[in-house]
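So, here's a batch of structures to check.
There are two complexes below, and they share chain A, which is joined by chain B in the first and by chain C in the second.
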Partner chain A sequence: MSPFILATLLFALGLGTMITFASSHWLLAWMGLEINTLAILPLMAQHHHPRAIEATTKYFIAQATAAAMLLFASATNAWLTGQWDIQLMTHPLPVTLITLALALKMGLAPMHSWLPEVIQGVDFTTGLVLSTWQKLAPFVLLLQLQPTNSTLLLALGTASTLVGGWGGLNQTQLRKILAYSSIAHLGWMTIVLQFSPSLALLTLIVYFTMTFSAFLMFKLNNSTNLNSLAISWTKAPVATALAPLVLLSLGGLPPLTGFMSKWLILQELTKQDLMPLATLLALSALLSLYFYLRLAYSLTLTVSPNTLIGTTPWRHPTSHLTLLLSTSTVATVFLLPITPAIVTLFSLLGT
Partner chain B sequence: MTPVHFTFSSAFMLGLTGLTFHRTHLLSALLCLEGMMLSLFVALSLWALQLSSISFSASPLLLLAFSACEASAGLALLVATARTHGSDRMQSLNLLQC
Partner chain C sequence: MSFFMSLLLLGLVLGLIVVASNPSPYFAALGLVVAAGVGCGILVWHGGSFLCFILFLIYLGGMLVVFAYCAALAADSHWESLGSQSVAATMLVYGVSVGVLAGGFYGGWYESSWLTVEEFHELAVHRGDAAGVALMYMPGGKMLMIAAWTLLLTLFVVMELVRGKNRGALRSI
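Coming up: the complex of A and B.
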């Protein structure tokens, strides 16, 4: 792809999200989402092979349907209440429809089935954009809608965490596992969205950091399924030693950054007197933890049969740019001790 | 619920039902999407007409422009799918199933 076209598409990708952030009118927000979708489609289909085209088609249909439903709900809102503002929606029907449309756009649980297939079809860089940057615009719209129908959000969030755990159990493809982990993390955010929006934002940013290092780590090893993880120590021994920590941070184990968001969300749910839900969420995190542990196991504790020459690729200089990976890995592993500072920062942002 | 509201809602819901349940050809999915966008065009233009609002009168055209872009992207994907998978049937889009 020509660098000029690539720059234009990346600019449009950022522009769409920014328009959605800045808008207070539903039509403008919809336009931002459409620009965003139209800009990512050529990026996904740039390698012209069947899986990429299929993933692009599936992504297009899901996103176009969600955008049309969003605009339909806003038009209904305009006909019922006579206004187009994003905040202060009063009628429950358009609010519910918009929540469902945004859930389809992000890939929350009952509407999630396109997400693993789409991420499996594209390469790691595009998959990273899909599972981080593309979540921002719908998430911010959902954040602006609050407070709204609480039962619907709780149901969507609980279903997402459970489905994200169950679905990833049987997978051997890394990109599908990362997609299911994305579904589960989005579920956690959706649950806490109505109780503490700043905490939901914190969870989103922490998730972005963790998934950034996970995607870049797998990209560095150039491994797309569970089997090829076993030889990744021959390519990058230090990164392989750190990779289990990144994965366990995604799973949310205590001394790592990923524990911060889960801890705070469970505390918030306990404060809201939702003990059964908090228990269910903590148990569903165990499901996710199982497949992260399996990834960590095949990364570090298995040695595949190999020739002597096959064990030395790490001696050769590589052309990979590892500055981003090392920065985000440090953030993924070591940020738990400064939790109070981060919480204060985000609560200042939220007001 | 006014008659106009009922009309565009039912048109949109028909399009959405077709998109959701009639899954044989990709082209029919694209046609259903286009029908949904056209019902939204009717909704927006009638809203602008009913309120005789000048500042809102550009929005149906903006919607139409965006839906044309979307439809052309869909048709481009249809061509790409026909070239890689050999047909536009939804059943052949099964390379990425779990």
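Coming up: the complex of A and C.
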């Protein structure tokens, strides 16, 4: 791909999200989402591999459906209430439709099935963009909606955490596991969205940090399935030694960063007197933890038999930029002690 | 007015049913064009003369070219025309469902709810839709620039997607 085209597309990717951030009018928010979708398509299909093309087509169809539904819902809103403002939605029908459309855009549970297929079809860098940057614009719109019915978001969130846990159990492909992990984390975020928006933002950012280091770690090891993980300790020993910490942080074990968001969400749910839901969520985290633990096991906690030559290959200086990986790994592992500072920061951002 | 409006609305529903009932691309394109054209007619009767003029000339003009290409690419020897069994069955299902839905709302819609935008539907300079164009160019000028840039971006995206002949995305594998 020509660097000029690449720069144009990346600029458009940023522009789309920024337009959605800045808009208070549904038409403009829709425009931003469409620019975002358009700009990512050539990046996904840049190698013209059949799997990548298939993933691009699936992504395009899912996103176009969601965008059309969003446009339909906002036009219905303008018809029913006579205004296009995002924050002044009063009628329950457009609010529900828009919530579902945004859930389809982000890949929340009943509308999630495109996400693992798409992430599996593209390379790690594009998958990282899809599971971080592309979630921001729908999330910001979802944050600004005034929910008329709290059950919808709770149901979406609970279904996402359960599906994210159960779906990942049987996978051997890393990108699919990461996609299911994305679904589960977004489910946690959706559940707390209406009770504490700043906590939802915190969950999203913490998830971005963790998934950033997981994607970069697998990219460094150049491994896309469980089998090839078993020899990655011979390629990058330090990164592999830290990998279980990153994975268990994604799973939400204390004293790692991932525990922070789960802890605070469970606390918020108990404050809202939603004990059964909090219990269900905590149990669904166990499902996710199982496949993270299996990844960690085959990556580091066991040494599979191999020949002497197989275990001692030449280790050339890596050409990957590891600065980002090391920074995000440190953030993924060590941020729990400064939880009060982070919570304060995000509650300041939320106001 | 009432008769003509009913005719146009019926044409719109029929056109959409033709598109939705999955015939060969030629007939689907035909249905889409019929639906869009009749929709423009409905806009005229509701007082959006300038709006439908723009829609018909520019949007439909571009869409027709696209559909000519699509229909030429998707040429097949066995046509699924409107009379063929599967298409006719689907059309029947859609038609009956539209009828049932319309029956559910029957009585809530009557002719006096068909208002024109500014009490008359002749073409004039000081009208809602003509003023909307002025608004789009004046306060919405920056947004219009972004929209135009997005169209250019779409061109780049399409060219990047179909680039590289037999190594590109559009190839037989």
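One rule holds for everything that comes next: the second predicted complex is superposed on the first by the 342 of 351 C-alpha atoms of A that agree within 3 Å, B and C clash if a C-alpha of one lies under 4 Å from a C-alpha of the other, contacts with A are read in each partner's own complex, and residues count from 1 in each chain.
Convention: a residue touches a chain if its C-beta (ideal position, glycine included) is under 8 Å from a C-beta of that chain, and two chains touch if they have at least 3 such contacts.
Note that this is a predicted model, so its numbers are computed, not measured.
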Chain B versus chain C as contact partner of A:31, first or second or both or neither: both
First (chain B), second (chain C), both or neither touched by A:79: first
Which superposed partner A:196 touches (first chain B, second chain C, both, neither): neither
Chain B versus chain C as contact partner of A:9, first or second or both or neither: second
Chain B versus chain C as contact partner of A:209, first or second or both or neither: neither
Partner chain in contact with A:171 - chain B first, chain C second, else both or neither: first
Partner chain(s) touched by A:65 [first = chain B, second = chain C, both, neither]: first
Touched partner set for A:39, first chain B, second chain C, both or neither: second
Dominant toucher of chain A (residue count), chain B or chain C: B
Partner chain in contact with A:50 - chain B first, chain C second, else both or neither: both
On chain A, positions contacted by chain B and by chain C: 31, 34, 38, 41, 45, 48, 50, 53, 56
Chain A to chain B touching residues, read off their complex: 27, 31, 34, 37-38, 41, 45, 48-51, 53-58, 60-61, 64-65, 68-69, 71-72, 75-76, 78-80, 116-118, 120-121, 167, 170-171, 176
Residue ranges of chain A touching chain C (in the complex, touch as defined): 1, 5, 8-9, 12, 15, 19, 28, 31, 34-35, 38-39, 41-42, 45-46, 48, 50, 53, 56
Complex contacts: residues of chain C adjacent to chain A: 143, 146-147, 150, 153-154, 156-157, 160-161, 164, 167-169, 173
Chain B residues touching chain A - in the complex, by the definition given at the top: 2, 4-5, 8-9, 12, 16, 19, 26, 29, 33, 36-37, 39-40, 43-44, 47, 59, 62-63, 66, 69-70, 73-74, 77, 80-81, 83-85, 93, 95-98
